[in-house]
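Letters A, B, C and D name the chains as they come in the text, with residue numbers starting at 1 for each one.
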Amino acid sequence: MMTDKYYALFEEQQKDRGINIEKVKSKIKQLKVETPSWGFGDSGTRFKVFEQEGVPRDPFEKFEDAAQVHKFTGTSPSVAIHIPWDKVDDYKALKSHAESLDLSIGAVNPNLFQDNDYKFGSVTNVDKSIRQKATDHLLECVDIAKEVDSKIVSLWFADGTNYPGQADFRQRKKWMQECLQTMYDKMDSDMRMLIEYKFFEPAFYHTDLADWGMAFNMANKLGPKAEVLVDTGHHPQATNIEHIVAYLLDEKRLGGFHFNSRKYADDDLIVAAHNPHEIYLILQQIVAAEEDSDQGVVSTAGNIAYMLDQCHNVEPKIPAMIRSILNVQNLYAKACLVNLEELKEAQEKQDVLRAEQAVREAYECDVTPLLQAVREEMGAAVDPMKAYQESGYAEKILTRGKGGASW
Amino acid sequence: MMTDKYYALFEEQQKDRGINIEKVKSKIKQLKVETPSWGFGDSGTRFKVFEQEGVPRDPFEKFEDAAQVHKFTGTSPSVAIHIPWDKVDDYKALKSHAESLDLSIGAVNPNLFQDNDYKFGSVTNVDKSIRQKATDHLLECVDIAKEVDSKIVSLWFADGTNYPGQADFRQRKKWMQECLQTMYDKMDSDMRMLIEYKFFEPAFYHTDLADWGMAFNMANKLGPKAEVLVDTGHHPQATNIEHIVAYLLDEKRLGGFHFNSRKYADDDLIVAAHNPHEIYLILQQIVAAEEDSDQGVVSTAGNIAYMLDQCHNVEPKIPAMIRSILNVQNLYAKACLVNLEELKEAQEKQDVLRAEQAVREAYECDVTPLLQAVREEMGAAVDPMKAYQESGYAEKILTRGKGGASW
Amino acid sequence: MMTDKYYALFEEQQKDRGINIEKVKSKIKQLKVETPSWGFGDSGTRFKVFEQEGVPRDPFEKFEDAAQVHKFTGTSPSVAIHIPWDKVDDYKALKSHAESLDLSIGAVNPNLFQDNDYKFGSVTNVDKSIRQKATDHLLECVDIAKEVDSKIVSLWFADGTNYPGQADFRQRKKWMQECLQTMYDKMDSDMRMLIEYKFFEPAFYHTDLADWGMAFNMANKLGPKAEVLVDTGHHPQATNIEHIVAYLLDEKRLGGFHFNSRKYADDDLIVAAHNPHEIYLILQQIVAAEEDSDQGVVSTAGNIAYMLDQCHNVEPKIPAMIRSILNVQNLYAKACLVNLEELKEAQEKQDVLRAEQAVREAYECDVTPLLQAVREEMGAAVDPMKAYQESGYAEKILTRGKGGASW
Amino acid sequence: MMTDKYYALFEEQQKDRGINIEKVKSKIKQLKVETPSWGFGDSGTRFKVFEQEGVPRDPFEKFEDAAQVHKFTGTSPSVAIHIPWDKVDDYKALKSHAESLDLSIGAVNPNLFQDNDYKFGSVTNVDKSIRQKATDHLLECVDIAKEVDSKIVSLWFADGTNYPGQADFRQRKKWMQECLQTMYDKMDSDMRMLIEYKFFEPAFYHTDLADWGMAFNMANKLGPKAEVLVDTGHHPQATNIEHIVAYLLDEKRLGGFHFNSRKYADDDLIVAAHNPHEIYLILQQIVAAEEDSDQGVVSTAGNIAYMLDQCHNVEPKIPAMIRSILNVQNLYAKACLVNLEELKEAQEKQDVLRAEQAVREAYECDVTPLLQAVREEMGAAVDPMKAYQESGYAEKILTRGKGGASW
């Protein structure tokens, strides 16, 4: 079979490059990427939400769709939930439902931006009762996390302002810290609070947590259970995200990722559809830090929560998720093929071209045969996209009709 | 009265600067800025639309609100409409309603982005029947314009793609030209087609009319009735918009503006709330071109359609419009205070600091007394914002409740 | 005299607005902005340095030029020096020279980017001996600062890389910290280390101190003598700098500014020549924090080192500096005119338009009469630019010829 | 031999994908990328030029270095020259020297930015005698082109301003057109004028040819011998360059490229070192247009002048050029592997994911075996970088010492 021939050649080549292919395979198998329940519902832009047929009508159906992604990729065993979008009367039932689908419930995401009260901020609102309401919701989410055995509460705040003078930056900073401290104290010692930052949107003048530095400083003040979450679409143009990632790894504050891609603002497109090299370079920093970790250098690299956070406005949602998982896996596999010793040697000799070559060479490898082999060993589909498309699931869910859940 | 004292001093100063204050007053009186009907309805971001109490429930009420803006500023006598948001059975009735409020109907704006058929494009759609549908809508808008005696149809296309490969750029370019040609041919000789461009959003990979060059080339191909519309929020960061404006003036293809401000993307905030200097420099180019025009250099500077295009997501809509009109008027007044002869002389001597000084000096003038005098002479409110707030209109419309029109 | 009439009216208006004009005048008199010695020498782009006639030929002449700026503005009594550009055999002599000109020596700036050894980094170089050399230079600068009685050493690092893989981010981070710790330990307890960050240039892939978060974290680790320096041109497009400033004020880590303006990258143009509103909003945050400080809220707002850092590539250097000092003073004066109580009240009521109005209103004031009065009281020139131009100094220095110092 | 095995498999795979591999090989062989003479000399940033040992000391040595690049890659048979950097007494001798090295002289590049007279502009200078001087230099370059049998004169203008008010945009526009018209009229009918645009730098407020639209409009006005040159580093962040390329192809005005890469501004780094996907997408548009051309759709796709324009500030220059040529060849090869029929079918069905897949799939192919086979057939080195490094040339030129030519 061609696949075998191809893989044999691939393995031969990598051995020649000095790569321990078994270790690489083992690492790829360990890579897990969480899907977001809201990525299966309808989404759009401020101009229009184009409703798709067959989108899930409730949290249970979202898990059913997510199960398809994991079934064929073997790489997305958990699903992030968003409260109140995924609010149910019985979280134990939701958990059981997930488990029956071979899934677990991942990060719990509070929603502090869609209630009318939050028009001028949630945990930063000048109105104390609204800050209290927001804090109560955070505590509710900690409780839900405990109930569903999730260890992660993932925080994104839309809080910010649109006009100069609209609010007092320093005062809001203090209020946010107070609210998060209350939440932090309620968390079990093995729970993690992931703090996300964003350059702009929906606030258009200032955003209270505008960059990694603000999220990092907050996490530092709160304590070891708090870490930073990096959404790849939340930076100014040209930002060197892999540098931030390496920085946070060194500070042991890198908690997780929201993967997606963008060309312009926070476009929330399929991860690696635009500038895949950027995601590769991020993952390459992580693989290097994992290696240091193995050698006793302490790092959080092995404990990162990888999550997708995307909006599939014009493409069908389940295959878009499969595509995204495959893209991350593809680039992670490439990152594992960098010969780190060779890279280190070139760096020590200040040999710029050879160092760049070491990183580029792995990127240029076609890892298809490697991933096919890994998937086969994991019991996943060798070609997950094709397998999904042939499964008939897409046709089956059309009976749900239009007008399902939207995030 | 303090105002008089202040104005007398202002006039004295400007005379000392060599400014013909009567000419300036006359120019300010001629400045008219159209409000958009949709700016009075609810709007928001993809995350949330915060509904406001009292927003108009139909096109007629939108005109009533717009009439308030004109009543107090004397500077916004026309209102742009958006079809089908402002679709009515009887356009003559809408026109009469407008006139009864001392308003006229301004630019007619087709909507080619909210019908489900336009998910993958309107005039660029690969499906010929959808292109036909889009063209029919354009023709309908030409008919409406004729019916309401508007001379302007203003075109913005959301058409674009989200992913590499999604569509054929060159093919779509040809299709768009075909459709617009059909529309162009239907227009009366005294009508104008304004073609807007946008860097991105809602499309996140490519936008068919992505910059002024594409809009300009289209207008060139169509003929003299077609011109370019500049929306101040539709450019890449750092773009020198005043340069583009001067360029289009020189090419006699500057048709109009959609004014608003932004710090990040197309934030659609109150014009000049962010970086007011930018709007000033744009208007200064226009004033300079008007002067050339007066001296026989042909230019379209005197024929520009000034329009607002804003979304008031967190602030009350009518006062936000008043604020916007006042901001444009304020900056236009300053632009009229540049001593163009002095500027020209400094430019000819390559005296950078003196040339910059000539432009900055006028910007730093406080034109409050000038505008108060002009408003008094025009019969508008001396302090339009205060007058509106004391009028009781804001309280009156609360009876409309929430859930009015949204754009 | 017109000036008096104008000022009397101005004072009347400000009293009506509830402004304590004597306090404002006192604050403006306290504002001091340091000029950089290198801003008086030739500079350019990578494409060309256009040499100007009359630029200073040595550090002593740079101080003579700087003295002109202070003589007429009364607002720039200190001059930053750059080692080795301003290296002299006898620093005491330089200090005496400065004092004889009514100047003092301000921040001492090490140069770690022009020695051939620093091609691949200074304090982050993989070569330990080069890191040692860089550290030795830092210590030399601490010594020079002590010798000239300067309390500030201001650090900017060009360190970074151009290509993926070129260097190990995490390793370099540790090396930089080690070097700075050595320097920190050598500083007297009343000395301050200002740590500057920069988005990019001259490094084009990663910069070791790329943003305020990295500089802030470094300062935090070093201790209370270390603070962050904000260069207004060193951020990604659209960054809300005033938010960062307020944030650092709240953290008591805002050490100083390098003022300049830019439209694109780090253009190093005359401060406030582009988007003056941005500098205004920054200063407004500082004035608000000063007020809190007066009311017992601890803050570093009163202790900020304001410095210019500009390159005058096409304009004459001394008047460009005067222009810059005047621009900062102008915008600071406006910032002092915000009615902070009114602003606070509007913020508490979430009245967006009124809050924005409170900040905009002060910006729109013409502070010319106020500054003229202040300058008269300070014994500076009422119109510093005119006074300089009439002084004959510009003509006098032409005898120096071309080919003087370049930075 | 492994290479053969690998290639055999590659060919098999591509046949399965429906690719005509012989056609692809033929296309790759036709790809030629010109090197710039100035890319072999020393360059740097405004902060520092780090001189390298062994850089060429005159134009003849630059051609010798360029010959190495072509010798091993077989893909860079021509070299662009820059006047006066490459000014020689006897151009015929330079031409003969080039031919003796198996090279030809490519585009002639005038320099209108390093003479002191051009401080405030060249063809846009308010001083007529300077415009004349600039025009004379353009004509001189046309003459040089004729003398060396080059058909291309490639124009980049640094012309622009740093401050508002500094110059009259509209007047400068007219002056530039006049000068270019004079030059255009002097060109033979088979010569081409390539007009480059740039977003900013060295001008920091406005650049006279700031974007493709301005260059395109100029070319349109001049006539068919004038075309647009796209430098990949000369756009605002996030610009969709491949869209512009397709647009210009459709307008038959795409004359050529200056390839390089950047993360921030015009960083002039090795092409495809950053975001290689972008260059791939550009080349994919061209390959698609070439295909249309083959099928009778007129296009300039087959006539594009591909050139490098890079600065190798920290890396050795000859291997950096080889790396760059290989990168372009690599991405062009991938672009040839898109199954255009499949792509077209997916586009017609609006199947977003399948269309994206068609473009991505080719990008993910490892074309190493293909390029090795092509190089062998062309008589170039199978591994050009290794062959160069083993050739001893790098060591040989060290005798030139430091301080050679800088651009």
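Here, contacts are C-beta pairs under 8 Å (C-beta built on N, C-alpha and C of every residue); 3 or more make two chains touch, one makes a residue touch a chain.
Model, not experiment: these values are computed from the prediction.
Compared on C-beta pairs in contact, A-C and C-D come out with A-C as the pair having more.
Note: centroid distance chain C to chain D, computed from Cα atoms, is 40 Å.
Residue numbers of chain A whose C-beta contacts span two or more other chains: 120, 162-164, 199-200, 205, 237-238, 240, 263-264, 270, 273-274, 314-315, 352, 356-357, 360. Because contacts link each chain to all the remaining chains, their graph is best described as complete.
Of all residues in chain A, only 120, 126-127, 162-170, 173-174, 199-200, 205-207, 210-214, 216-217, 235-240, 242-243, 246-247, 249-251, 281, 284-285, 288-289, 292, 343-344, 346-348, 350, 352, 355-360 touch chain C in the complex they form. Residues of chain B that touch chain C in their complex: 2, 5-6, 9, 12-13, 16, 237-238, 240, 263-264, 270, 273-278, 314-316, 319-320, 323, 330, 352-353, 356-357, 360, 364-366, 368, 385.
Against chain D, in their complex, chain C makes its touches with residues 43-48, 50-51, 113-114, 116, 119-120, 158, 162-164, 199-202, 204-205, 237, 262-265, 267, 269-270, 273-274, 313-315.
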